[in-house]
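What follows is a group of structures, each given as structure tokens.
Next come two complexes built around chain A: one with chain B, the other with chain C.
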Partner chain A sequence: MSLIQDVAGGGGHDPVPGPPPLPRKDKGGKGLSPGASFALRKTGAALGTLFFVLVVNFFLFRLLPGDPIGMYTRGRNVPAEQLAQLRAELDRPILEQFLTYLRNPFSSTIDSAQFNRPVWELVTERIWPTLLLVGTAIVLASIIGVWIGIKAGWKRGKSFDKVSTGVTLTLYSMPEFWLGMILLIVFGVGVLGLPGVFPIGGISTPGVDTSSLAGWLDVAWHMVLPVTTLTLVYLAEYALVMRSSLVDEMDEDYLTTARAKGLSDKFVRRRHAVPNALLPTITLIFLNLGFTVSGAITVETVFSWPGLGLLSYEALRGPDVALLQAIFLLFSIGVVLANLVADLLYAVIDPRVRS
Partner chain B sequence: MASDQQTGGAPQGRRAIARARRREALARGWGQFRTRRAGMAGLGILLFFTLSALLAPVLFPPETISVTRATGELLAPPSGEFWLGTDDSGRSMLALLAWGARVSLTVGIAATLISMVIGTSVGIASGHYHGFGGAALQRLTDWVLVIPFLPLAIVLATVLGGGSTVTIIVVIGVTSWAGTARLIRAQTLSVEGRPYLERSRALGSGNWHQMTRHVLPNVFPLVLANTTLTVAIAILSETTLSFLGLGDPLRPSWGATLDQAFSNGAVSAGAWWYIGPPGLCVVLVVLSFTMIGRALEQIVNPRLGGQ
Partner chain C sequence: MAVLELEDVSVTYRSAEGAVPAVRGVSLSVDAGRSLGLAGESGSGKTSVTSTVLRLLPKSATVTGRVLLEGEDVLTMKWGRLRAVRWATASVVFQGAMHALNPVQRVGHQIAEPIRLHEKSVSEPTARKRVGELLEQVGLPSRVAQSYPHQLSGGQKQRVMIAMALACGPKLIVADEPTTALDVMVQQQVLGVLADRVQDLGLAMVFISHDLSVLASACDDLAVMYAGQVVEQGPSDQVFDDAHHPYSRALGGAYPRIGDLRFRYAPSGLPGDPPFPGEAPSGCAFHPRCPQAREVCATTDVELRPSGERRWSSCLFAPEVGT
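So, the complex of A and B:
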């Protein structure tokens, strides 16, 4: 119990440590407990990464050749006073601009060149479809992937292992958008005389009220193909990781002990081996969220799913620089935060890493 | 260098011994590799694609993949004349695939070289230097590792100017080294703790000498195994970036062909022969590199056992 409180407390405290904490704040603790200092260290590292992202995001786009005004306003009619304001902003010393940017990276004064609207407004309305799609796929993929990994790793070298490792390695080698296009052509469009069953894109049928039950079902129906695509691609990785971490546990002494006690094979697996093997898998699932993002970008494009992924594709095809900047920042923040959560969570379930 | 001349008691002896040892190690490695079926299968597939890439200009003259001089019907399904059908400009899919192999393999290997050079240097340096420099390099590695690859690559490609093969190579190279760096750093730390490095330091060898003569040869097998795995990822990344339209339209890789198929409505036209084969090529090549890499990894790092 106290471990959980320590970590949660450290995380919630906010990164600024302030004056050294009073001793005996934690029950019986001496100074900063290992849990809290671990949490502080991880939060600090995450903030460092975020700062790095901000630096990259700010300076990289300043390196672009050509007139930045032309780039930001590509093909739009911009009122003269707005242009002058923009130019004044860009004429300030670069460090001053950077400080302004740091103060609030989300208040871009520049509109999207394609949509002619403030970029953050565009981005925020696209978050939910992506979360719905990717979240569903991750949940399904981790359940199925972990299950496959356990089955394959526990009976290493048996036929299930051979087949599943072959299949997962193949799925792992597959461009996710290609899998999407194949599913789309087979089940959406129909090939070789077979009719297509599923909708070929979008999040719902135009004209359907998405707040009604029929609307929900319609959205679910539209989700089938993209979610299947992402699930298949993600689960390959989860299964491979789960399998190899289970295999790592197989030779451990505690399993021999458990067997020597006369526990059944199933019990040894479920209560002894799997909980330990799950630890590295959970971290890796979180650590590889960056890979999840790239799946979202291409698969949303293939299925015209109106989320952040499709928005990135549209921004890229412009190229709509202001929009790209915002999306990059958002994706990076999301992944950094997820990593931090994974680190803290990991410390809660596995006390060994805190030292 | 100076010590070479001073202690040159056995002039060709030292080099020759080193070379013989290296040959022996290679032969031993190959002997172990040959017993791994998956690795050998991967090597076979890879040889096939390498040959197609090399022979593409002979088998399919450049004009067969020229949009203006294509002879086939538009979007025709596979037939006797065009075994894999044609694309929406009437080009033979088979020729496109063979030419695509050149681009995909070149980009994959070139990007991996960049990534390996950066990753190995950063990894060794951050493991070797214990002060501020090492810590800074480690921090940088952690940062690059966390930032999601594709958004960063898209941003970089936009900044460097999309639509060129060189851009793609550079972008993949500079975004994919962090994993290697972390791996090499860990290995460097373990090598640095061994007695022969202490001996070398006691004899007064400098940082450069320690890193290049003692650490590098020891981490090199690991670098090699990691290289093949990185090529697999680099080829997948190339496919993705080209699919998003960042590739060179005049030299279509498999990813660029998929982009073209997608943008020109091959999906709704049901043209499976236009979409299936390029992706299948990617899967096979990536899989072959992965299988070779896994086999090498098991040889280099026996601790992994028969996973």
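So, the complex of A and C:
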């Protein structure tokens, strides 16, 4: 890209002609660029957090009151010898049990009580519908939310700002399951004699082959209401954050510099104000990513969307302890990973973070 | 011919408390190759005056009078014309040590931005080469272009600001407190770089500072502002050494010169605060703080009058010159 050596990474040798010497980057003596050592540090911290999550997830479920075997096997006909085997497993020293658990945290010694299937199988099966639903909603919400935030913040106090801030604040304070139910009643069931247009639940019409084009369209049709619900709720937050961080940037001196250079209002906004204002918003979006998966619990339940959210609702209703344990672990991993991505991404987009 | 001519310029801000007159009828002119220092305390209207040159004032400000940049009135320009004039005819050296540089863009990119904007024919490699040359002209190695502002010291950032201001070969440079946030050593270096460049290129410069000694060493002429008005104007060494207005004297005395016995025995400061804009006292606005004020000062309106060869003062007791 450039003709000129990188000051930070290049470790240039040429003497500085001007009196003030250039600050040299401290490379920590390991020969790593600041970016790489930053990434390593953050990844290490994330791994540490993950281990902590494993520990908590193991011991938390052993702190639950009551007969663990009774809870694990609730509502099922378990032969006496298998029960005895389970009790023997739980009678082993706790550290030994923990090591066994660490070897494969997702495969519980017992299957899910409700579904009578290995929890790992259940969880992996349900992960894709959730990723599809939440992913689509987040992509839509960040695009629309950021757009609204820019438009409102740049012309602060104008009518678009007033209307959009009012609407987003209302959406922001709405419980997502309530919004989902309203949409479901209005557009799924139908009101005032109007028929409902969209399916009231599920991911596809029973009997439709989801690998065909028609099947894809059917799934997309089923996605409309739950995706709209989640999008409206998420975009409200993104729009509000984007607006306020743009308003914060508006008084910055470097925008006056940009205007003095003769840039038009549009370019001052696009090239200078928005890239800076986006920084906190992008972090927020990625930090939220971890929570949004678990946040979809209520919306998935309202729309009977066969994802992790609905699965955790079903596991909680049991309670299906083995399943819950696996879901808890997965959600925690999601949050830790999203945090890590947010940290690393922030370093990529903001040069100040790397040093 | 004057590169910049201000004729009876006033700036009024609208605020919740009503109209605030920050600048009241200022007239100045700067010729090519000359530099004018604008001195005064914070709030005296220095930056408001110079912000009219590129029309950089906020929307709440109303500007009256005429601001002629190479004979063309900036205040009546269409937006397209104004954008073309900005940076190409007149550029600004902001307080780069603070936040005048975009924190997430490499400085080379920021210096090249006005070149790409105003000179569409310049190719990318040429623009990059010019950025390197500009940086070397202000005493920085060309590889600084790859740095982000936070990787540079205050003095280096200020040099980058100067390089940026020179990017499009302007006729006029407005330096708005370019050395204020720097320590004294670096201040001298940066000042030297700026003065050299302006002199070599034969540019006109308006230099704002509250430090009269800095202005006296960097500028040919001085204008001292108080409460939105110019109270004294003249060649900088004369104004600094032999002020015709008590306020200029006080301002000069606030920055003692080492080794000068006069400062040693007369440590001076100025009691009181400048008036809030819009609450300027009657008569001479300075009279409540003036050590030489008499009764007439509170009742007689003052205006800038000749007080010597190429000198003007608004003080009633300034030397009289036959008109």
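Following the convention adopted for this analysis, the second predicted complex is superposed on the first by the 318 of 355 C-alpha atoms of A that agree within 3 Å, B and C clash if a C-alpha of one lies under 4 Å from a C-alpha of the other, contacts with A are read in each partner's own complex, and residues count from 1 in each chain.
To be clear about the criterion, a contact is a pair of C-beta atoms (placed from the backbone, for glycine too) under 8 Å apart; a residue touches a chain by one contact, two chains touch by 3 or more.
On a predicted model such as this, the values are computed, not experimentally measured, just so you know.
Chemist: On the A-aligned overlay, A:Leu263 touches which partner chain: chain B = first, chain C = second, or both, or neither?
Modeler: Once the two structures are laid over each other on A, A:Leu263 reaches chain C alone.
Chemist: So, does A:Val336 touch the first partner chain B, the second partner chain C, both, or neither?
Modeler: first
Chemist: Touching A:Phe291 in the superposition: chain B (first), chain C (second), both, neither?
Modeler: A:Phe291: touches chain B, not chain C.
Chemist: Touching A:Gly44, do we find chain B (first), chain C (second), both, or neither?
Modeler: neither
Chemist: Counting only touches as set out at the top, which of chain B and chain C does A:Gly135 meet: first, second, both, neither?
Modeler: neither
Chemist: Output check: A:His272 vs chain B and chain C. Expected answer is one of first, second, both, neither. What do you get?
Modeler: second
Chemist: Check the residue A:Thr170 against both partner chains and state whether it touches chain B (first), chain C (second), both, or neither.
Modeler: Only chain B; A:Thr170 stays clear of chain C.
Chemist: Mind telling me which of the two, chain B or chain C, contacts the most residues of chain A?
Modeler: Comparing chain B with chain C, the partner touching more chain A residues is B.
Chemist: Name the residues of chain A shared by its contacts with chain B and its contacts with chain C.
Modeler: In chain A, nothing is touched by chain B and also by chain C.
Chemist: Under the touch definition given earlier, write down the residues of chain A that touch chain B in their complex.
Modeler: Interface residues on chain A, with respect to chain B: 45, 48-49, 52-53, 56-57, 60-61, 63-64, 156-157, 169-170, 172-175, 177-179, 181-182, 184-186, 188-192, 200, 244, 247, 289-291, 293-294, 297-298, 301-302, 312-313, 316-317, 319, 321, 324-325, 327-328, 331-332, 335-336, 339.
Chemist: What residues on chain B touch chain A, complex-wise?
Modeler: Chain B residues touching chain A: 139, 142-143, 146-152, 154-156, 158-159, 162, 232, 236, 239-240, 243-246, 255, 258, 261-262, 267-268, 270, 272, 275-276, 278-279, 282-283, 286-287, 290-291, 305-307.
Chemist: Across the complex, what residues on chain C touch chain A?
Modeler: 54, 56, 83-88, 91-92, 94-95, 98-105, 108, 113-114, 117-118, 125, 128-129, 132, 136, 138-148, 150-153, 155-156, 159, 164, 186, 189
Chemist: Provide the residue numbers of chain A that touch chain C in the complex, in ascending order.
Modeler: Against chain C, chain A makes touches at 2-8, 10, 12, 14, 16-20, 22-23, 252-254, 256-264, 271-272, 275-276, 279, 349-352, 355.
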